[in-house]
Amino acid sequence: MARLPRIADLTPNVSGWSFFLCTRKETRVGRTGNPYLEIGLQDASGEARAKVFQDVDAITLEFDAGEFVKAQGRSNVYQGRTEIILDKIRRVIDRDRAEGFREEECIRCAPRPVDEMWTELLARLDSVQDPQLRSLLLRIVRTHEERLRIWPAARVVHHAYRSGLLEHILQIMKVSLFLADEYGARRDLLVAGALLHDIGKLREMSYETTTDYTVEGNLVGHIVIGIGMLHDAVREEPGVPAELVTEIEHLILSHHGSLELGSPVVPKTIEAFLLAAVDDLDAKLHQIRQHLEADDTPGRFTAMHKRLDRSLLKPSGS
Amino acid sequence: MARLPRIADLTPNVSGWSFFLCTRKETRVGRTGNPYLEIGLQDASGEARAKVFQDVDAITLEFDAGEFVKAQGRSNVYQGRTEIILDKIRRVIDRDRAEGFREEECIRCAPRPVDEMWTELLARLDSVQDPQLRSLLLRIVRTHEERLRIWPAARVVHHAYRSGLLEHILQIMKVSLFLADEYGARRDLLVAGALLHDIGKLREMSYETTTDYTVEGNLVGHIVIGIGMLHDAVREEPGVPAELVTEIEHLILSHHGSLELGSPVVPKTIEAFLLAAVDDLDAKLHQIRQHLEADDTPGRFTAMHKRLDRSLLKPSGS
Amino acid sequence: MARLPRIADLTPNVSGWSFFLCTRKETRVGRTGNPYLEIGLQDASGEARAKVFQDVDAITLEFDAGEFVKAQGRSNVYQGRTEIILDKIRRVIDRDRAEGFREEECIRCAPRPVDEMWTELLARLDSVQDPQLRSLLLRIVRTHEERLRIWPAARVVHHAYRSGLLEHILQIMKVSLFLADEYGARRDLLVAGALLHDIGKLREMSYETTTDYTVEGNLVGHIVIGIGMLHDAVREEPGVPAELVTEIEHLILSHHGSLELGSPVVPKTIEAFLLAAVDDLDAKLHQIRQHLEADDTPGRFTAMHKRLDRSLLKPSGS
Amino acid sequence: MARLPRIADLTPNVSGWSFFLCTRKETRVGRTGNPYLEIGLQDASGEARAKVFQDVDAITLEFDAGEFVKAQGRSNVYQGRTEIILDKIRRVIDRDRAEGFREEECIRCAPRPVDEMWTELLARLDSVQDPQLRSLLLRIVRTHEERLRIWPAARVVHHAYRSGLLEHILQIMKVSLFLADEYGARRDLLVAGALLHDIGKLREMSYETTTDYTVEGNLVGHIVIGIGMLHDAVREEPGVPAELVTEIEHLILSHHGSLELGSPVVPKTIEAFLLAAVDDLDAKLHQIRQHLEADDTPGRFTAMHKRLDRSLLKPSGS
Amino acid sequence: MARLPRIADLTPNVSGWSFFLCTRKETRVGRTGNPYLEIGLQDASGEARAKVFQDVDAITLEFDAGEFVKAQGRSNVYQGRTEIILDKIRRVIDRDRAEGFREEECIRCAPRPVDEMWTELLARLDSVQDPQLRSLLLRIVRTHEERLRIWPAARVVHHAYRSGLLEHILQIMKVSLFLADEYGARRDLLVAGALLHDIGKLREMSYETTTDYTVEGNLVGHIVIGIGMLHDAVREEPGVPAELVTEIEHLILSHHGSLELGSPVVPKTIEAFLLAAVDDLDAKLHQIRQHLEADDTPGRFTAMHKRLDRSLLKPSGS
Amino acid sequence: MARLPRIADLTPNVSGWSFFLCTRKETRVGRTGNPYLEIGLQDASGEARAKVFQDVDAITLEFDAGEFVKAQGRSNVYQGRTEIILDKIRRVIDRDRAEGFREEECIRCAPRPVDEMWTELLARLDSVQDPQLRSLLLRIVRTHEERLRIWPAARVVHHAYRSGLLEHILQIMKVSLFLADEYGARRDLLVAGALLHDIGKLREMSYETTTDYTVEGNLVGHIVIGIGMLHDAVREEPGVPAELVTEIEHLILSHHGSLELGSPVVPKTIEAFLLAAVDDLDAKLHQIRQHLEADDTPGRFTAMHKRLDRSLLKPSGS
């Protein structure tokens, strides 16, 4: 039997097998009164719903949510959405690696290749004019490179996948620099702010196949964790003037834009206003795009988006 | 005696005369118990404080707030700010025109020349892909050209000067189009939204030397007035598809971003989210810049900005 | 077998058949583990719950939610509420018309006959003093007569049934005119405001057997749609003075009473205050009465009313 | 010299004298640097501004704010408003009574005669169907007759003058009874609620020439004071069923409509919803009318009304 | 078979029988598709989950939620929590009393013995300096002794068990008196406030095996009911000075701290601030402790606490 | 001439001289039209109003607000409040020191002697059980001893005087430890939290004779500055377990109790709830006491307290 295409490329009526991360596993009762399994499967390109209707009692013992699985079945369209009706599914075993199983291919990833993004990041940092600031930022990037390359930007809200944080940082940087030129803001500060505003997420969340909040993340939060990470770097690289460091701290602290949203201080510089606005916009648009893609309700409007508290007009062509 | 330089270029200890708009006139009592006049003077480049200490009783009869005046005196620095101590001030008379009095030179203007801005606007409209929409937008611009060239964007909050609305529209357009490309939004819609979001201000406010709200402005507001102006144009130019018109209406209606801020509907399309965010950012940054320029308090932070409810860090060099 | 009485008149232990609109159809599992159907049935007088316990698999294929049905069974009391245990239910077919099937008798209606309400509306319009305004209002009523006679006032909240909008308009008119006399407000304006405040609902919602929001309804909303409908009429009937039209626009725009509730301007005339208060009161009292009627919890207080965020004291006699 | 007409009837350029309550007395400095007195004068019909320009040092010793005064001068129009330029003003002395001084004629009063209002109140109470409730309400009215006839409804907000509370009660009663019939509410309960909702104001405020809050008023508030007054009456007149008393307590307690506005419980009966809506409407319309009358700004809109947070359209004819 | 230990002392794998209150009874479907009963059982020490897997159809007829039951089974650990798998369960019958059935041992109770708490309460009242106030408070306590000894403090939120109100009062008293000394507040007033702030709950809620709101509780609320109970006592014991009574009323009325939380007046004395703060703290800490105890989620943080809108860090040792 | 007593002990009609800090200096115009000086004078015990009526033009040159002054005059009662009518006032000069001028005696101080408070602080730290935590806290205290002994707790709100921060810390500590025992919280954590919650104020504000916010204070805020100070100490004293440090960080970060009040995280441990409640209570009661002392309005209630948004009942005896 052939290997299935990536989830994002799956069309109806294709049979085959592949490796996935199982994100969800629930026993449900169908309209005829028989139990079946409803399963979430993920690969680098996206997430799909799958179902098991036969041998439910036996198959349910072969895997659990949170495990990598090998699954086999046929794609199908139900309520306007492609899903997979599975014949077999079991947890991955050692020799699957020989058949091509790779963890990172079973976990949702940012759409751009990570190496390409990393190169762009270093180029942005090279463009910083102040040599001491540039040196500080490069040190931070080197120190945290391992996590910074793969971390998600959030557990569920937006960019919640492998390398999502890096993708978000680069987008914030690009838009902020455009606006810096439009509104006469300092580019160096905005490169620093874009890089560091969410840097505390590297310790706020743990991340392996799934993302979770750490004790420090829950009790301190990424904004203040990020301040500590900046301090650690400044101690190694003490040449940056104190007031410039204070302004960068201010960018990190105020980037949620208001106290109600968790910033302990509100933006008080042009750069802080810009960064908070750009971060908010990027996060919102990412959520919107995701909601439009995921929605499978009938009609011209999506289901309610809880966080945004509204339904959205679907693009005409869709 | 020589003519004074423009207010924005005024340095201390310069004597001379010039024409201004008098924006404010108050009788105050000095520390010695004598009355003096405190006066606001405006030209195209900005606004300055002036004072009359001598012949107060006689001079006060020679002009009023809201009138154009000819004034003569010497610039001075008081509490870190340049002001003008006047010897003479009187309302403008007919023959002053012969000496070079021009109303438009005594009223605050946008920094860019209006013709240059107008050319940019037409070029933006020419870039619209859909020929019927382009035609509709050009018609609207032609219909309202006279006001659109000179109208302010607000009575006091931001861009509150001659041609401020045009300046604001162009900036919104430029930033929106950049973001449209970044986030995959439709450029045509954003050109339309940037042009039309505040178009109702042409009827919401009356504008001669000063700006004021009309009865319609107070009872209907610029958002809904703008919808009516769009309908009027659509009737003449009926080729634009109904749903596209509805989406443009939505951009106008939702551009304040939330019900609390006066939009009767919240943004429900990517373009509506973008436009509301860009409009908010442009208005806020304009207020910030203005506040930083106008502030004359001592110390590293400005006085409280009431609308923004915070004081701002002054740029280090200032 | 006899025909069943109207739902509002149904008593326990009556057998028979009738025509209904099926509003809801769900498969559930009973306490013995067997599936049954839970069904919502509607006629002009109200809504009842029905259940099918036998031949579930076969019967479920014979009809769907949203269809008119012929159903036969026996009324029963369960948890203090009358429901119908069905033996048969199937979708309506052509020859049912011969047996007396009429769509309008299967859809919830306002309690008063529509012709009686229409006569009252015309009499109210005739009482308008200003001949040009009277002429304008009559034109609007004639233009939209077809929908205005049958439209509901809302999808779910209040007066959410056939001719509910007309019922709501008349009640608003009656109460507003009483208060106009009490508080010295202008009667003509209040007749206009009562007629037009929700007129945009004729395009905000589509309505056949069920009610739904249109694209325009979602993106523009009934308040601003109503303004456009007024403008259309004014163009045909241009004699009404501009400021009077502006005051009527203000009544429409401000009738939700505050920005948070979706009005783009707050009431600024006595008539606008009155209309907003009367509209709010009528909508609230309708919801209260409906909640009291529908409630079937034990005890002296109803279940929580979500929108009103409280439970209500039941009348002592009930 | 002739006696001046009542303040409400004062026209420009009338000379004469009269008795007033002095409500305000301030020393100000004119534009020429000379001090003058600005004074508030009140009679039963309204309030006027007065000024003393001559002999300021001597005259200022002859009276104080809060005292009844005899004043003589000439009416004048300043900034579109009638004021009185005084030659003489002094506090009232014993023999002024012989010239016709009456305290109650120098204090602002409700427009309708108090005896007429009292008769209307008793007629309303007579219409109560339940004999025990009628008896209870009559007892309350008799017990508190002295204060109930003259008390104001508030210190500053609305109906803030002699007999204002009675005027407010009667208006609430009339409107509530109309709505009771419209919406099927119980008339008896609404008569009770209208009478008693603000009855605690008789102890919340002290009232002689001026109104002030008592210690009990500040610490307990009129809502809960009113409950105590109802309990006192019920003890004397114990025949009213307990649950009816509880429903009347509920009317008193919930009449501000929401917790934020000081009601410890929200309305949970139809009558409570009605009463809260009618009370709010009556208070708001009274404030609006008062603001329209008092406003003397130029233009079509009034100055900002602080409590209502808006400016109002002035009636066209004014 | 042996009797089971108290719920709070139950360990896994213990078999036996005991008497309980059944608080919840639901039919569910297991993963194999078979129905089972999920049951809540309560004794004085706490609450446990129980299940019946066999003879479900027969056993379900033997008892209902809200009844006292005799149950027999074996304790088990499921998802980190002890539950009881029942073989038998039936409603209590008369002769169970002979085997030791006592209602009060099957209902959740405050942890301290009620007699010990009562003695402490009387000692606190004896410490009141003002003899008339002391006498008044003792009268109130004697009048309501029966309920005051056993009433819960709430239906669900905190101290929602037998004698919970008394426990809460004593804790408030102890903490308030400590703070009175720290901040120079009047001890007598705080004893009165602690005793009386929630006294209205004796009539706001009915309480037998379960707690529910009365009609008076719903329409008037415990705050205002408490004022009436204070008045009743004052009438019998009229010696306490009026202003002292008013200050105590103020303590009762303002103890929720703000209008939004249901107090009709905000605290305006030092004692009122203290009492509101202590009451809020005691209620919050009780909820926290309860949530920490009840939580059975994995990880270092509890599930979301809805009222407090956060999850809590679990103590390290747990 | 004799030296005046301390401001707190000043009685009417005492003549003499003393040294003060001048906190305020304004030129005003009296009712006769003559200018006079209104001055604020401060010593360790409090603040008083003073006035200069003679030689105003000359005397005004002899001192400025913010300077220490020598002043001579006579105490007087005006509007129920003691003030000083000055004959002479001039800035302090070098030889005044010989006459007994000491800066610290002219600046408002906490009521308790600083050495006594310091001893209490060290004793509290000694009571910490965990030796590593004790060592860490003692290091922090030693590092910052100079400022910690004299710093105010705020610029204006509460404890806004010399050593006010230390006074506030000790009070928080005492009350927290009492509550720790009552509610089973960890004493060590609460000693740490009380000491460190406001420690960032040592860098948030500059303090010499007056208090002001630093750039870091404005851009970062005392909460996050305090985290940095804790990190600095932990680096020197690395033995404290990481999770204990995280819990202390949480205490500092969450001590404002909610995001709206500037805490970037809400309390999630019992100790964090306690600390936030105690801090809020101590700050509020300090403001109340201060407002009651400063108030000089007539009547039983104080003027409005802006921050608390209410007026307060004055103690009966006052």
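The chains carry the letters A, B, C, D, E and F, assigned in the order they are written, with residues numbered from 1 in each.
The rule is short, and it goes like this: contacts are C-beta pairs under 8 Å (C-beta built on N, C-alpha and C of every residue); 3 or more make two chains touch, one makes a residue touch a chain.
On a predicted model such as this, the values are computed, not experimentally measured, just so you know.
Participant: Show which chains lie in contact with chain B and also with chain E.
Facilitator: Chains touching both chain B and chain E: A, C, D, F.
Participant: Have a look at D-F versus E-F and report the one with more C-beta pairs in contact.
Facilitator: E-F
Participant: For copies chain B and chain F, work out whether under half or over half of the interface numbers are shared, and give different or same accordingly.
Facilitator: Different, since most residue numbers here occur in only one copy.
Participant: Counting only Cα atoms for the centres, state how far chain A is from chain D in Å.
Facilitator: A distance of 63 Å separates the two centres.
Participant: So how far apart, in whole Å, are chain B and chain C when each is placed at the average of its C-alpha atoms?
Facilitator: The mean C-alpha positions of chain B and chain C differ by 47 Å.
Participant: Suppose each chain is reduced to the average of its Cα coordinates; what separation in Å results between chain C and chain E?
Facilitator: Result: the chain centres lie 45 Å from each other.
Participant: I need the residues of chain C touching at least two other chains; which ones are they?
Facilitator: 29, 33, 215, 218-219, 243, 247, 250, 268-269, 301, 311, 313
Participant: Taking the top-of-page definition of touch, could you list the pairs of chains it picks out?
Facilitator: Every touching chain pair, ordered by label, is A-B, A-C, A-E, A-F, B-C, B-D, B-F, C-D, C-E, D-E, D-F, E-F.
Participant: So in the complex, which bits of chain C are touching chain B?
Facilitator: Residues in contact with chain B: 215-216, 218-221, 223-224, 227-228, 231, 243, 246-247, 249-250, 253, 259-265, 268-269.
Participant: Which residues of chain A touch chain E in their complex?
Facilitator: 27, 29, 33-35, 57, 60, 212-213, 215, 218-219
Participant: Give every residue of chain B touching chain F within the complex, in rising order.
Facilitator: 29, 31-33, 299-301, 311, 313
Participant: Touching residues of chain A toward chain B in the complex: what are they?
Facilitator: 171, 174-175, 178-179, 182-184, 243, 247, 250, 266, 268-270, 273-274, 277, 280-281, 284-285, 288-289, 301, 310-313, 316
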